[in-house]
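Each of the two complexes below includes subunit A, the first together with subunit B, the second together with subunit C.
This part shows the complex of A and B:
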């Protein structure tokens, strides 16, 4: 479908809508009442079909609004459906999770932060707020107060993972869950996973997040438009170029500002350098998970020069703080170009060797092929993005579909693989690194002259969405302005938010020895497996994270022995 | 110098706790292990359990959900130990100061648990790996 056909298709559902607005070709806003939202969503997701991005809940004085954001990747069009909930006392709306697993988390989250009930939601447990957060205080309501501290002397409450799914109900949870293993030195963030296994096979997986929830969306409402990029770059240290870029693009859309050409190129370069160091980092960690620690050390060593370049350009190894509404803060000095090119040559050589070593290694083939498969259908249902989607033959990439910065003017390819297993995702990341190197080279060559910033006087009332392709997938930001100097609502969706729930599709039925690498294959801000418990349905054996890592590594060793193959030749690197 | 302190200063083993960080400080901590910085050559080692650790490297603001676990980890750490607060977040909640889910700063939380805790601050957002190494060396020399 082209854009016109999409518009025609959307008009089929007109009678259920209050209004249709199209401020730009690729931005469509539909409005409806809460009663109709289920039908319209079903139409958008199943009949058009659009890719679900995220939903935003907004407390706007006289009513609640739920915004469902969709993307049509063929034309790069973003469709937003606004549903009004008029009843402020008992706000409720029909859940769309029954036909769209991708919406399950966000509806739980909106329930947590705004207190909206989602009727017929399959699993309405708490998601984003702490276990001891008092019921009935909804932090994103405009009149919310910070709840009082927990009472003195309270003991450490463990995450209580209860579940409705029959597989889990048979398991005696109270004791095992307490025995969750320690933090692991190579894992960063805290998330809690619970796997249910039958013998060696995983039968269910459950997750608890919240440990890292800092309430950024609310903090953003207290910062000025110009301060927000510093905040959003700290959502995730390793996507610290793409988050602010997505935000800034949304605000520029509201203000109708076009940043100067040179700024677009500088943004491109910084974002691609970030992708390079992020993908290399992932390769290292994946190596670690399957027992190739040499790969880990070398990959992280190759990553360092990229960080040094970024430090030279922006003044910081991460959290660059370079992008701002209307352009960039720092320019790339021309003297630096030869140095960047030289470093890129070096990195390219190393990556070539590393890629060849990985692709030619029979043990890695045996270890990673057919493991943790995310089928194309599951990838669409869970609406995953980035390398996770591209490894499952869903060829979406914001850089090409809805070109921003300078990507539209450069020559590069979207890498896809069809198998959907861990190996496919690894290949996507490895090959993408070369595309990124290509992009940076071209951008440096074509870097236009001129300033890198324009003046922005004020941000008028309005709303807009912005998105960018982060190393892990699409980051999405929605910003609403009332004409003041702060956003009245700012919604952020990081790529892991949709990629992580897809574990349910890729882990169930797997061997537990394959779980760590399957989880890591999504590159979940490479964080998620830290607190992890395995409950055996019959034996009630508890494995912690270290056990899983050991199992994973032993399997590699076993395959190695069976195949009698020589070890990956790291001395070449 | 008591023998306990003397043994603490030699070859400090550290345990890394994320109490709600942006991941950046954490990546830089892992970076300490890798060839460019390679802290193991200084006898500093990241360990997998607080019970084996001489020092805690704490990053992050201390979110409501993380605080009880952070206290638990501190209780489990063999004393005496040094708590290193790595990054603006753990030193003083940094840019997330206003957040509704933030209970930090971390030094206050640790002091609630143990008023005499030895706490060292490594500011920065994120602090460079060199700064972390220097922070560790300075704190241990001051003991």
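This part shows the complex of A and C:
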């Protein structure tokens, strides 16, 4: 189905819509009233069919808007459906989660932050707000500004693992439950999986996220357009090139700016180096999870030169801060090219050895093949992206489907596997590193001359979506501008946000021993998944940097005093 | 052996074994580190770990069966120390009765049994899974281990006495070699090394059997594990590789055999991922079982017709 057929197909539901806008070939905006959203969504998801990306809840002045973002991967078209909820007192809309599991989390999230009720949602527990967060306070509403105190004046500290409120208790205590989290050797970050087990077999799984909110979306609304890339690169240390890129592409779309050619190539190189180091990191961690620490250590050793290259190019191992609206901040000097090519040769050789070792190991076959299978159907229902999707024979890749940076001009392949098990995902990642090496080589060879930035004066009012293929899958940013110098709404969807819920489809019925590697197989990135909400509101004391510094100094002084050390003054030094 | 020497033996044997065990622990960690391109810990690190744990608080879970929980590590340690004592008596200071292979088999099960008891007494769901895995694992490898020793008994002409077995080297034959390799893997499982660290599986059940242990009790488990690192390879040397001398070249040769076994264990540990418990049981019962039945048949034919190399 090409773009024209898609447009024709969409016109079939015209009577349910208010308007259809198409600012560019690959961007379509539909608007409808809340009453019709269920029917339109069902049509988009089941009849067209489109891939659900995420939904954005926005508090406009006179109404609430829910934006359902879809992608049509064959042409790379992004379709956004806007539903208006006019009733501000009791905002409600029909839930789409019953036919689309991928929407389950985001509807819970919008319920948490905007207080919109989703009718017929299967599981309306809180997703991202703390258990002790007071009812009726919605952090992303425009009127939620003042710090709040609980009615009884009590301040509970997080994390609370088992909630006291019956609404959040999920597993009956009569069944044996194995807790993976909130702190567990499997995980580098806080996350909580409750596995209900029958002997060694897992019969149910419940997930709890958001032990570590940073309120990125909220903070973004208070930063200028040019400052936001630094913020979003800190969503995740590993995807710190793809998040800003997706954001910058959205803003460039609003402003109608075309960055110079050379900048596009520089962006491509940095993003691909990021993919190489991220995939190698995963291989190491996967080895660790199945007790293969030698692979862990070797893979991470091979990853180091990639980080060194990134440091040489951008000045940082992570958080490169190189991309900006209208181009790049720093160029790749031409004299660095031979060095990068030389290092790439070395990395390729080592990766060939590692890949061969991993793919030929009979015990690894026994451990990973047929384990944690995510079927093609489940992959579509949960709308997973990246290697998780490509391992299940869903051949989507933003770099090819909706080419950005310089990907359209380069020759490379999308790797897919059909099995959908952990082994397939490992193969996809390992082979993708070779494709990435190929891309970097070509990009360096074809690197055009010229500047890397173009001047951007103002960001006009408007809205746009930007997406990029991060190592874990599609990272998606939606930005709305009102013509000022700050975004009025900035929605971030990291790939793990859709990949993690697919555990429900891939883990149940597995052995406990296999669940852990299945959990790890999507390369979950919790820091990406948890980027929203404001946690300091239930404390009246807000520790800023100065306070912390003072407290830290006071503690040092106290300890010194207790130890009887002589007091050292600045003047003495 | 003269009387003062004998007394000296009794004084040094237990602390000596523990120290040797800690050194063996260090070797395992250091060699693993080198294989993994790391620097590895200093020689005294295992000792520091034990000392540090000794100073920490012992936490007993509310739901735990207190006595069993506290006593289990001591039982395990006692069992494995007794085993090592037996082996030292065979090699260093021989006396009239020092126990036979049957006693040794019993003593070798004690640490695992203690682990099962202790962890099931702790009342933690993670430990429960670890316990069930440890039980299955014990049932898996114990059969293979006993069959491997039967090969040895056949090869040595029906001998049960360890001191007599130690005079011969059954591994220098086809059946003996098969039995030795299987026994080596069983020892790998007994030590809880990858690929058979299923019961502890840090990334699956967060330490499993040991999850609730802390402080001095955990230290006792660690010491037990260290002593096992001495006793089990030494036992293999005694049973399969012709024992251990005390003087001159035979001592060097004996140390060489011990190091060979430890290095084999470390290499297996570092070149394999963890297997699942059903895969482990299938491996021990099915593959090892078949190999051992073949070994027993070969050994029987060999001893009937007097062919040594079978």
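Here, the second predicted complex is superposed on the first by the 484 of 573 C-alpha atoms of A that agree within 3 Å, B and C clash if a C-alpha of one lies under 4 Å from a C-alpha of the other, contacts with A are read in each partner's own complex, and residues count from 1 in each chain.
Following the convention adopted for this analysis, a contact is a pair of C-beta atoms (placed from the backbone, for glycine too) under 8 Å apart; a residue touches a chain by one contact, two chains touch by 3 or more.
All figures in this text were calculated on a predicted structure; none of them were measured in a lab.
In the superposition on chain A, A:366 contacts subunit C only, with no contact to subunit B. Contact with neither subunit B nor subunit C is seen for A:396 once the two complexes are overlaid on the shared chain. Once chain A of one complex is fitted onto chain A of the other, the partner contacts of A:452 are absent, as it touches neither subunit B nor subunit C. In the superposed model, A:212 makes contact with subunit B only, not with subunit C. Once the two complexes are overlaid on the shared chain, A:513 sits against subunit C while remaining clear of subunit B. With both structures placed on the common chain, the touch criterion links A:492 to neither subunit B nor subunit C.
In the superposed model, A:464 makes contact with neither subunit B nor subunit C.
Of the two partner chains placed by the overlay, subunit B and subunit C both lie in contact with A:301. In the superposed model, A:197 makes contact with subunit C only, not with subunit B.
After superposition on the shared chain, subunit A has more residues touched by B, the comparison being subunit B against subunit C.
In the superposition on chain A, the residues of subunit A touched by subunit B in one structure and by subunit C in the other are 184-186, 296-298, 301.
Within the complex formed with subunit A, the subunit C residues making contact are 32, 35-38, 125-126, 128-129, 132-133, 194-195, 197-198, 201-207, 270-279.
Partner subunit B is touched in their complex by these residues of subunit A: 129-133, 139, 144, 146-147, 149-150, 154-157, 182-186, 188-190, 210-216, 218-219, 222, 230-231, 234-238, 240, 281, 284, 296-298, 300-301, 304, 317-319, 525, 527, 546. Within the complex formed with subunit C, the residues of subunit A that make contact are 176-179, 184-186, 197, 199-200, 287-298, 301, 361, 363-364, 366-367, 511-516. Taken together, the subunit B residues at the contact with subunit A in this complex read 15-18, 20-28, 30-31, 34-36, 46-50, 60-61, 63-66, 68-69, 71-73, 94-96, 98-103, 125-126, 128.
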